[in-house]
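By written order: A, B, C, D and E. Residues from 1 in each chain.
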Amino acid sequence: MSVIIIIFLTAVIALFSGVFEQGKWARYIGIAGLLVAFYVAFLPEHQFFAKYNSMFIFGENAALFTKISIVITLILFFLGGFALSNHRSHQSELYSLILFSLTGGIVLFSFQNLVTLFLGIEILSIPLYVMAGARKSDLKSTEASIKYFLMGAFATGFLLFGVALIYGSSGSFDLYAIHEFGIANPKNLMFTMGCVLMLTALAFKVSLAPFHMWSPDVYQGSPSLITTFMMTVVKISGFVALFRLMTIGFYGVFGEWINILAVLVIITLLLANFMGLAQSNAKRMLAYSSVSHAGYIGLIFFGINNLSTYNLAFYLFAYSLASVGVMMCLIYVEKIKRESSFKAFNGLGRSEPILAVTASISLLSMAGIPLTAGFVGKFSLFAQAMEAAPILVIIAVLGSAISIAYYLRLIIAMFFHEESTFNTSEKVSLTYNIVAVFIIAAIISLGVYPDLFAMQFGL
Amino acid sequence: MSGVLLALLLLPLIGSVFTFFWKNNKFSNDVALGFSLISMVLAFYALAYFNFGPTVGQKLQYEINVPFSGVLRSNLHFGIDGLSMIMLILTNILVPLIILSSFNEKRAYSNKFYGLILLMQFGLLGVFTSLDGLVFYGFWEITLIPIWFICGLWGQEDQKLKFTTKFFIFTFVGSLFMLAGLIYVYNHSASFALIDLYNSTLTTTEQTFVFWAIFLAFAVKFPIFPFHNWQSDTYTYSPTQGSMLLSGIMAKMAVFGLLRYLLPITPLAIAGTSGGIVLMLCVFTVVFGGLIALIQNDSKRIIAYSSLSHIGLIAAGIFASALLTLKGNFTIEGGEGAVILAFAHGINVVGLFYCADILFKKFKTRDIRQMGGLASVAPKFAILFMIILFGSLGVPLTNGFIGEFILIKSIYDYSSLLGVISGFTMILAAGYLLRFYGKAMFGEGDKVILSSVKDISGVEFSVLASLAVFVILLGVFPQPILDMANSSLKLIYGSLVF
Amino acid sequence: MGETNTFIQSVPLEYFILLSTFLFSLGVLGVLVRRNAIVILGCVELMLNSVNLLLAAFSSYKGDGNGQILVFFIMVVAAAEVAVGLAIIAMMYRNSKSVDISIFNKLRG
Amino acid sequence: MNSAENYIPILFQAGVAIGFVLISILGAHYLGPRLKGTNKDKNFECGIENEGNARTPFSVKYFLTAILFVLFDIEIVFFYPYAVNFREFGLEGFVAVLMFVGVFFLGFFYVLKRGALDWDK
Amino acid sequence: MGVLTFKLILVFGLFLLALTVAAYSTWAERKVAAIMQDRMGPSRAGPFGLFQPLADGGKFFFKEDFTPANAEKFLFVIGPSLVMFISLITGAVIPWGKSLNFGGQSYSLQVANIDVGVLYLIGMVSIGVYGIMIGGWASNNKYSLIGAIRASSQMISYELAMGLALIAIIMMTGSLDLKVITDSQSTGKLWGVIPWISGMNWNIFYQPVAFIIFFVAALAECNRHPFDLAECESELINGYHTEYSSMKLGLYMFGEYVNMFISNALIVTLFLGGYNFPGIQWATEHWSENTVGILSILSFLLKTFIGILIFMWVRWTLPRFRYDQLMHLGWKKLIPIALVNLVLTGGIILAFEHFMK
């Protein structure tokens, strides 16, 4: 909880830096605050917060996911200077909104009560609605914002109706009380209905097909840095919340929701990957790829064992790193070319080899090529789900196979075109190169030596 | 002694990185050649100290076993047995020759090109020496990336990207299924160590699933009908060195994987209907490849389909012996034939591709109908080409003969009908290869071209000559390879006996 | 609490559930059918408020105050959503001179 | 003391109010004269011709005021339950409310500084 | 006589009272203005022009009921109706007097004694905005729209301050029930030190700041001077009811005056001791229930009328604000002051209780 407080205060300070015409410091304030929070996440929780345990427990798992999210957000902050250079006038707001959103995400890692779950989701989402529309005069950004907002609010409605039904049947919001009620009354219709509604709502939030229809549009229309945030931290938060809720709270009606989830995962894997093939815009392709990754992560619910949380964390971290890696490249291209079609990437390998290599390795990591973190993540998921649902794994394998086709298109665009379409005078900044090298190092080292993750993030 | 293997593995990697960042394009080929030659010397050093004894030969030597991931239950486990040694030697012979074969060509970013070739060598060596399922899979996939870049970036025509990407996706799909299969076995065994994978207890149904999942990867890599779709296009449009790597060494990954992983892990599945089906497919591939090759006019395509035919024969032999063994008649003949033909095929196909490349350089076309009469102006080339061609044909006293003979015999032992059918391979090969040779070397050639071409250069000669030496050497003296393979194969086929 | 309970409990719980479900469905239908962004926002609010009603009813029947606490939070969040939503719709109107969401087909391939 | 009966008189009062409103609207409708005419039925524009639609966009300040009202009003709603149980919560509750007020002021101050309430600009 | 019967009678009585008060407020307003400006004021209809309101009412009924051609017909009617409706039912929770006794049974002089009376009031006040907004929008007239927007912006802005001021009162009594709030002002020592007058323990003595805020907010809520920016003639003709005529206009006008009456009743209830009069405790012990009841009603009405007079006094004395000044006052002054007041109230009460222990 101290982490939440630190990040919240950082956000407030960053926000007020803009008020006092010092918006250019907001990024550094955010970075400093995140570093402090990252450090604090390694410390044991202060005793003072024990009395809020009925709402909120910042346990080991929460700390693990918090660290991951903070690392990703830090990277985004480093990228922010270039990515948000068009938003100078309200950059402090954007940074503080990112931090507020992160706060909501951390609440989701540690909720103990459906009330906190709901609040976490809203704290996570509402800043995002604003951030999606950050390019105020751009109709695309507006469209992204309004679609995200309407869909998000719609999903919130379902979530709350589910919460109400669960409260009505079990008489409590407490996760463990619900857990016990579910075990005692697995056939309670109202409880099951509530469970299904909440599952639907969270499927909306993590964009599992067929509830994904908002995400390509939103991801494409939002400013790229914000898209990256949505693809990474938001997805981490959403999945951790879903995971906690389903495996702890609704354990009693496991048999009911696991089938629904299986169907969702199958649809997601096939649909998103096929749609990804059909795209001509790299950003939109990445959006579909993000949706398809929701499908892979969905495998975590099958064959749950004591390593599941670790697998989830690893996959999410690997996926987030890869997303940042690709999006970083996309941010650069979009900035220079003012568009993000595959064609815009032509010849990037010549003019900006480091960025292009980062993007390629990230894409290969997403596809699950060995020696990248993505492979280890996918492998763990497949290995876990293989026992419980081999069919799903086969479909996931097929999905991966399809996905490699569209990932390759981007790599081809970057490396296989002789003519460079980039103006050489606009070189990428040092920060980007450092971040790029960091991402390459992280992806490769996690892929070569996966236990590093367990060591660094304290499992 | 494990240092030798470590050096052998790391040297290409270091060479790759070094070459990749080597600014000077002029010397990058020399640097790459240097690295590969050192690697070759190391390989022969390892061979020299390799213990061939009939009982010790099956034991792993030069073993490296480093704990790697506790979470994934996997170790970095490498080691060399007879089977690995053969593949290791093949790789280390061919890579320097492949690099040397490109010396005459000017290409952009040649340092990157050689870096990728060395990276490829690293992956191949890893595949052939790894003794852990996960590590094996890792190296298996790693080989894909450099070859994709090599073929895609330095390929010959506009369509290169389309076909290399097709190749990538085909093989990647296969690999993923292999991953699924390996995971299934892994879930039922203590760890990813090879020995644990062997000892996993699976029912026939489960094994059938695993068998087809893993076989798919090998079938694509071989390739075996109906997964051959990518092959001829990719071979055709790749740069010559890419085709050499693909057909000469990468296809052998599948042979190796079949023997090392598929047979011992899924004996029950092979004993069921799956083994028979696969054998049929392989035999069909043999005939199919040969027939298609007969009607091709594109030099590289002829080689591609001939390769398809030979590889099909290898796979068919392996399965025929496996099926025989499972019936109770223990035999390792198919395995022996497969190993020796794999080695021979590696050398022959590289030579053939190089000859095709030389022909292309002389005639500026790959259409054999537009060639002709070269024998009169390039006698050295004609002779070396002939030797390699004979090896590929399986003429006695060349390296192809023994392998093909043993393989056809082993298939015949299992089923006389299939044996007879697969025997057509030799006749078909004679048909298409001699047609190729005849069209290219004799007959009426274009006088203008013929008047301007010279005989092969020194580099070309040295490559072809080295290959020709191996063709004859192994044809006369194949015993060392059989000895090396023997103990490993006994172990592998022995695991099929219940 | 006790006194309030008797008052609310004079109406069967099923009525509350049915009414809330009806209102909720109405909201869902509205969101799906209508094309005017403001009306959709209104429908979302209807959904949230039907949940409030349901929670308040459950809370009274169970004699447990927690449900009403969530009602408060829902109200707050709904307000925040309305604030953000209206701002977004105002931005939309400024950019496109319309609040009809069917004009949004700019984001394709 | 709180039962449905307590609310019934409100219904009476509502009924009376509705009755009065209905009577006066309908009464005036039927009692007064009715004259029609194109010019007469136009909107009042101080004697000049009507120009365009009356529902034209107006200053965004008004929207902002409405949005801020919704936000601050809902924050005020939180005070009501606290105020009722103020004595029971004691010091701890007061500290919590002080924090809440602090956040309220943060938001207020932000809005103020960002010029959302500057009507003279 | 059953409770409900009594309530029905009370409702009617209250209705008539509200109408009468509203009607005569118009008269009083003109008279007050006349006195302040040294004029006669209405004097033709009846003695001192006392029948003037009746004449006005009649005139409203017989004027043409005009509807602009491009107005939203339905909303055009709903607007004024809503204003009138809301102002009429707001009074339901106010305790108009102590109690009356008929046939041995005691009847509370509060139409609906509900325990969330304050919330009811706040809710009704909020809905009042809709009547004005709908009317202004439905007219399809630029002046009307601007007037309506101004009016609603102003009303919601001051609603915040009003709500915050109310919370301080609620913190003191710990109840949302207006009856309880009134009762708490009848007993106890003033400031804990002046024990000898009962019925004078008024909240205004404890919460002068809240009272001032509430009073100002009430002025603004009623769109009264000096906050009647919505209908300033020089800028907006007549604001949101520019297009209205006949009884629809009458409803708006009447609604406003009823609102003023109810607002003052509320101020009296919350701050000025409600129906309490000095010595009410003594009177309850010594006099009959009905006597006290009637006295309490009179006391309540007296305070209310004084409040209305002050409203009028303000109207004819102070100049109109500028719109930016109006909003600045509401947002930048009243809201922070009310918040600080709230925190101080809490702190002082807690400290006081702590030291008393």
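Of note:
Everything below uses one rule, namely that a residue touches a chain if its C-beta (ideal position, glycine included) is under 8 Å from a C-beta of that chain, and two chains touch if they have at least 3 such contacts.
A quick note: this is a predicted structure, and the numbers were derived from the prediction, not measured.
Among the remaining chains, those touching subunit A as well as subunit E are D. Taken together, subunit C and subunit E share the touching chains D.
Least step count on the touch graph, subunit B to subunit C: 2. By number of C-beta pairs in contact, chains D-E lead all other pairings. The innermost chain, defined by the distance from its C-alpha mean to the mean of all protein C-alpha atoms, is A.
If each chain is reduced to the centroid of its CA atoms, subunit B and subunit E end up 95 Å from each other. Subunit A and subunit B, compared by their mean Cα positions, are separated by 42 Å. Centres computed as Cα averages put subunit D at a distance of 15 Å from subunit E. Computed centre separation for the pair subunit A/subunit D is 40 angstrom, with centres defined by C-alpha atoms.
Shown for subunit D are the residues that touch two or more other chains, namely 1-2, 66, 73.
Listed for subunit C are residues 80, 87, each touching two or more other chains. Chains touching one another, given as pairs, are A-B, A-C, A-D, C-D, D-E. Residues of subunit B that touch subunit A in their complex: 68-72, 134, 137-142, 144-145, 149, 152-153, 161, 165, 168-169, 172-173, 176-177, 179-180, 183-184, 186-187, 209.
Touching subunit D in their complex are the following residues of subunit E: 3-4, 7-8, 10-12, 14-15, 19, 60-65, 67-71, 77, 80-81, 84-85, 88-89, 91-92, 111-115, 118-119, 137, 139-146, 149, 152-153, 156-157, 159-160, 163-164, 167, 170-171, 174-176, 237, 242-243, 246-248, 250-251, 323-324, 327-328, 331-332, 335-336, 339, 342-343, 346-347, 349-350, 353-354.
By the touch criterion stated above, subunit D contacts subunit C in their complex at residues 1-4, 57, 60, 63, 66-68, 70-71, 73-75, 77-78, 81.
Only residues 3-4, 6-7, 10, 72, 75-76, 79-80, 82-83, 86-87, 90, 93 of subunit C touch subunit D when the two sit together in their complex. Every residue of subunit D that touches subunit E in the complex is listed here, in rising order: 1-2, 5-10, 12-14, 16-18, 20-21, 24-25, 27-29, 31-35, 38, 41-46, 53-56, 58, 62, 65-66, 69, 72-73, 76, 79-80, 83-87, 90-91, 94, 97-98, 101, 104-105, 108, 112, 117-120.
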